[in-house]
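Chain nomenclature is as follows: A, B, C, D, E and F, assigned in order of appearance, with residue numbering initiated at 1 for each chain independently.
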Amino acid sequence: MQSVQTSMPEHGIWQTIREEASQASLDEAMLASFYHASILNHESFEAAISFHLANKLDSQAVPAMLIRQVFAEVMRSDPNIAVAMLADMSAYKDRDPACDKFTTPFLYFKGFHALQSHRIAHHLWKDKRRSLALFLQNQISQIFGVDIHPGARIGQGIMIDHATGVVVGETAVIGNNVSMLHSVTLGGSGCESGDRHPKIGDGVLIAAGSKILGNIQVGDGAKVGAGSVVLESVAAHTTVAGVPAKVVGRPRHLQPALNMDHNLGESEA
Amino acid sequence: MQSVQTSMPEHGIWQTIREEASQASLDEAMLASFYHASILNHESFEAAISFHLANKLDSQAVPAMLIRQVFAEVMRSDPNIAVAMLADMSAYKDRDPACDKFTTPFLYFKGFHALQSHRIAHHLWKDKRRSLALFLQNQISQIFGVDIHPGARIGQGIMIDHATGVVVGETAVIGNNVSMLHSVTLGGSGCESGDRHPKIGDGVLIAAGSKILGNIQVGDGAKVGAGSVVLESVAAHTTVAGVPAKVVGRPRHLQPALNMDHNLGESEA
Amino acid sequence: MQSVQTSMPEHGIWQTIREEASQASLDEAMLASFYHASILNHESFEAAISFHLANKLDSQAVPAMLIRQVFAEVMRSDPNIAVAMLADMSAYKDRDPACDKFTTPFLYFKGFHALQSHRIAHHLWKDKRRSLALFLQNQISQIFGVDIHPGARIGQGIMIDHATGVVVGETAVIGNNVSMLHSVTLGGSGCESGDRHPKIGDGVLIAAGSKILGNIQVGDGAKVGAGSVVLESVAAHTTVAGVPAKVVGRPRHLQPALNMDHNLGESEA
Amino acid sequence: MQSVQTSMPEHGIWQTIREEASQASLDEAMLASFYHASILNHESFEAAISFHLANKLDSQAVPAMLIRQVFAEVMRSDPNIAVAMLADMSAYKDRDPACDKFTTPFLYFKGFHALQSHRIAHHLWKDKRRSLALFLQNQISQIFGVDIHPGARIGQGIMIDHATGVVVGETAVIGNNVSMLHSVTLGGSGCESGDRHPKIGDGVLIAAGSKILGNIQVGDGAKVGAGSVVLESVAAHTTVAGVPAKVVGRPRHLQPALNMDHNLGESEA
Amino acid sequence: MQSVQTSMPEHGIWQTIREEASQASLDEAMLASFYHASILNHESFEAAISFHLANKLDSQAVPAMLIRQVFAEVMRSDPNIAVAMLADMSAYKDRDPACDKFTTPFLYFKGFHALQSHRIAHHLWKDKRRSLALFLQNQISQIFGVDIHPGARIGQGIMIDHATGVVVGETAVIGNNVSMLHSVTLGGSGCESGDRHPKIGDGVLIAAGSKILGNIQVGDGAKVGAGSVVLESVAAHTTVAGVPAKVVGRPRHLQPALNMDHNLGESEA
Amino acid sequence: MQSVQTSMPEHGIWQTIREEASQASLDEAMLASFYHASILNHESFEAAISFHLANKLDSQAVPAMLIRQVFAEVMRSDPNIAVAMLADMSAYKDRDPACDKFTTPFLYFKGFHALQSHRIAHHLWKDKRRSLALFLQNQISQIFGVDIHPGARIGQGIMIDHATGVVVGETAVIGNNVSMLHSVTLGGSGCESGDRHPKIGDGVLIAAGSKILGNIQVGDGAKVGAGSVVLESVAAHTTVAGVPAKVVGRPRHLQPALNMDHNLGESEA
């Protein structure tokens, strides 16, 4: 996979988050302690994000403080998780015109929260702590409305916008720099176990409500139009749309996920 | 925009809500204090709705009592918000055959709760309290599964039925007397900021799962069929359907939102 | 309707659930008391499921302990509800390749939780406790993202997979052994009351995002492709797909719900 | 021990509680569902008291619903516990001039709540579930400010008035028809284990703040003045007072606990 | 009764509280929103104190938002309650060497919280809302460890220091400018109803652990030594101490409550 | 001060706590996750105690996760705090016949919880974070019924048994190996600020309900009888009792706190 592109070096993002939070806590007194507790109070991005996600995932069965401990331990044992989280945060800032701060996805976007919680659940799944991974999947689905099987493998620089109703199956694989919107499904077909979910390349844009079903390939730089039902593999740098989806053109951009142009391919070169 | 039509004068709705709640609290002892706390205990509609929504939006970061204070202040400073809320409540009662009481949307319909909470967030957004508006947007999205950007401008007499998965973008505009169902998207296209979301006229009916994308117009009295993907403007009093959506007829009713007939245009005059 | 098929006699399921929970509580200490409190602590399936669902539906207005009492009383007065719940649990285990234990749907699948909570709400609805039934519908919709009107009649052996965004209307009827996925709508049309929602036969598979609208029939063993919009009745053992949906073939399996093959009918005999 | 005296047959108390609650729920709408949930919703005294105490003892570690189950099971296996609870409730109504209803101690008096919770903890202690008994002791002490070791044996018809600061040690024994006030201590002396706490006879009145220390006897019908420190056994039907306590007279009443006369013995016959 | 003396005009206290909170919210970021939510966010002392007490008294049965409404209404209908609360706050600041800010009792002292909550409960009691008054008494006793019967009449400028274990009976009367410490009891004697509790004059100091029992008078400016048991009336400007209490001298100060000198009378003029 | 004496080397206590918790989690399934979350899940005593106390002190204003962070940071910056906590835990096990496990005070004794929380608050007080220290004092007082001013200096090997109603003033000093019971007051006198509270030597036993008032000395190895009011300094190795307290003998043991013999001095050599 190609390397993840972000608009600023990773080591500067945490500092920027803190500056944004400092300013915001002055602007809105009602949220001052929220900014403090969630961001300013922490020495590192890892400490802050584990605190914030744990608060979101709090439940009677496994309270926030315990979840936080698990999240912090997993992030310590696999530093790539924090790298991926930072890349995802940059993806929102770079691609979502309604998002001009890192703190917005960090604090407020449930697609971001669901994805980062999945990264922890995935680590636990690989670590054979399957009950706990399933527990987290359920909490993520119930709280954020995003159902990602803990077995799914997901790259970096991912934006899941709006996010309600997203479903990603156990054997799905998602590359780097992918953008997907709410109600996107990467689903299986049939009741046999085994490899049965889509493989999404780098830079792919999957528009709202699209269903991609079965162990098929969606090539690098492809675009899937809104509301499409994709039942066959999609070549790289190709736009598909419709129910069932057919090729309708080629994306103007090599990585359509990055510019989020939802126009279909007809008018493209 | 044309004026909002409701089946009874606004000043009588609050009285009717109270009568419904009185009766219900006698019928179902388990909910008696709930009816009391949410409705009967209050002197005005404004007091009651701010109490009920605050309870729904309660969180560790900003507890119910504080949210309620904000909501009450906003409603005091802009009396049109309460007028819009009453018109929305009437919309449910008039158009939803499963809803024969004002208390049903007031107490139970998350589409109603999300929309009214958005009305407050929108006021805060215009008032430059953007952090608090974003905070509320996130709470509304997480709790009700409805993601309306606080910048979106929405008329009166609106019904959002079932509501899960609805997404409305920052520069979207929705007229009066609009009905939309769950999974409807009024989305943008591209990663440039600026005016990039749909403009929906009065009396429009947008059926379940439809995606309307980009800065396009959907004219007064238009109808969008279920599961459609609308990428181009729709003329007034026109029915479109399909992926991508095409004109399929004309609605029988001048304001299809009011009679909720989901049949497509083929058989219409 | 034909009888419900499960892979093991009902009386053995509760015992298997307990064994699974015993093992899991040894494997994952963090969840040991959760398994204990939700399963091992109870003498019967009825006691356990009412406890677990009540915990999920807990709210300020009607706390868990009170909900549990209602659920337990309803299950005592109608033993068929527990039978249906067990059949549903078997459906997940038999049909979902990502589900190899009974405890997985029991503890973790919100589609299962929503459906079982609906079974109680439906009983209350028939019993004329309509306020309480509507209260539960709202809680189910807010917490699980699944909006089933308490009037809807639903058979046994039902799997609602992933479940976010499912909507089932008041006069809908669903047969036995039906599988449906997230974002499926069984909706009405028009604002007249009366019988206005779909009737789904036995063994039907309804793929993700499909909207079936109006008082139409979907015959036994039919299959509805992902993202379809179905506006007309579907004959038994027929596959439909598209927006609007058209006949595209015949399912290979007599009850496509059981093998979950999402391929459309083109290649079928 | 002599038999417990109450002002009405036990089987009528539950009916009276229900009538009081019915009336009160009409008088105070804000508490209507509280009266319903705590009393009117239940078929038996046992169901109601286990519900109410569990609500009071709710915690993250062991939530109300689980506590309730334990309490209900213990009360089923030992019907004498309910008998003792009813006798205690009568004691408050008969002896406390500020208490003219059974519902007052049932719903509101923390001395009553602490004592009844202890009765369950004591049963668990005898049943060798010592961890759970200690857990409950701590919850009772933290929530009600009453620290009764689960090993202590306590009779029926007991009133613990106001209750803050009461301490009763492991080997203490309390007879029937005893009244004690807040800040009373039945404590031990020395760090040796074994029988080391006071034995209180029937009908004894122990006034506020008295400390009775060591394995000593306080005979039937004795009275201990407020603020006394009792280090030696007290003969039956004797009044003691002071620091250290000395005999100051004889109670006018055979069972001073029943008339709650706090005057010291000087003027008595 | 003589008029209440405070160290600053009442109308300036609220302004001072706000300034203290402003400063503190800068000094301790972790508490910034707490200071904001509890104090800075409110337009008046009445709004702030009703918010803060309601938060403290929150329960499943009657949640904070509802309690707050009751408190606000009572304070509106009887402005003397706020006057008394301000005088009490001044009492702490003037008399407690560990208290140099108004915000300290306002936010942190449970004796202050209990007393102000009692003032509301007392108003409800007089208003014949006895169930709600008893409910509040129980909440106050359980949460703050202070048991004041809602019938008790209490003046202004009262300091209840430390407060755990304080008990005040139904017919007790407390004058102005009284100081009392933890574990003080103003109790009754006997099980007859009617006027049966102490009457405490102005400026009285009642030291820790003292029990004053029966319908007796404690005259203006009297002092009761720590751990005393007072069974007979005490003349004005007299110091009593011991078990039972005897006259031991005269307080040096006309109102010993104001200088909190706990030395007994021996060395006084 | 003399060195603290415990029955086992400090480094072995944490291991023993874990073994006790392991065994208990097998014996009582209902508490298995509680033992896991509170003890077994942690790598060090510091991690476990900060987790457990934070859970106890949880509030809306400052939630558990935040409190825990503060506690962990304070314990890292001052390792003596953990040493003192371990010595206190040993004190309970050595001196309280009802306590034969380290886990009992650790998990269940509110005197232990209050004291350890005070140790953190004291550190914050010295560190000039006075608002936060006062906040904690109030939480400790409200939740555990123990009011220790954060300025008070307290040694190691301290047992506060039962604990309800204990009050310790700002300038109080408590040595090592002290035992005190519930309702003990170390109070001030007068409203002047400055050094005004008692100084307690090593090995002192202060029995239930005793009030020690003013800037006086209680010498090493002294014993204060239950219910005493001490207004003058007490010589080392002396027993005082009564209201007011007088010398009544000499304790048999050099450090009466260690054997907890509450008999007064009459029979001692």
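We adopt the following convention: a residue touches a chain if its C-beta (ideal position, glycine included) is under 8 Å from a C-beta of that chain, and two chains touch if they have at least 3 such contacts.
These numbers were taken from a predicted model, which means no experiment stands behind them.
Trainee: Going by the contact rule set out at the top, which chains touch both subunit B and subunit D?
Mentor: Shared contacts of subunit B and subunit D: A, C, E, F.
Trainee: Going by the touch criterion at the top, tell me which pair is linked by more C-beta contacts: C-E or A-B.
Mentor: A-B
Trainee: As a quick test, compute the distance in whole Å between the mean CA positions of subunit C and subunit F.
Mentor: For subunit C versus subunit F, the centre distance works out to 55 Å.
Trainee: Suppose each chain is reduced to the average of its Cα coordinates; what separation in Å results between subunit D and subunit F?
Mentor: 28
Trainee: Would you mind listing the residues of subunit F that make contact with two or more other chains?
Mentor: Subunit F, residues with two or more chain partners: 30-31, 34, 37, 41, 55, 60, 63, 66, 145, 164-165, 183, 209, 227-228, 243.
Trainee: Touching subunit D in the complex: which residues of subunit A?
Mentor: Touch list, subunit A to subunit D: 60, 63.
Trainee: Over in the complex, which subunit A residues touch subunit C? Could you list them?
Mentor: 60-62, 66, 70, 129, 131-132, 134-135, 137-138, 141-142, 145-147, 149, 151, 164-165, 167, 169-170, 183, 185, 187-194, 196, 209, 211, 213-214, 227-229, 231, 243-244
Trainee: So in the complex, which bits of subunit C are touching subunit A?
Mentor: On the subunit C side, the touching residues are 24, 27-28, 30-31, 34, 37-38, 55-56, 58, 94-98, 104, 107-110, 143-145, 162-165, 181-183, 207-209, 225-228, 241-243, 258-264.
Trainee: Which positions of subunit F touch subunit C when the two form their complex?
Mentor: It is residues 25, 29-34, 36-37, 40-41 of subunit F that touch subunit C.
Trainee: Which of the residues in subunit B come into contact with subunit E in the complex?
Mentor: Listed in rising order, the residues are 37, 41, 51, 54-55, 63-66, 68-69.
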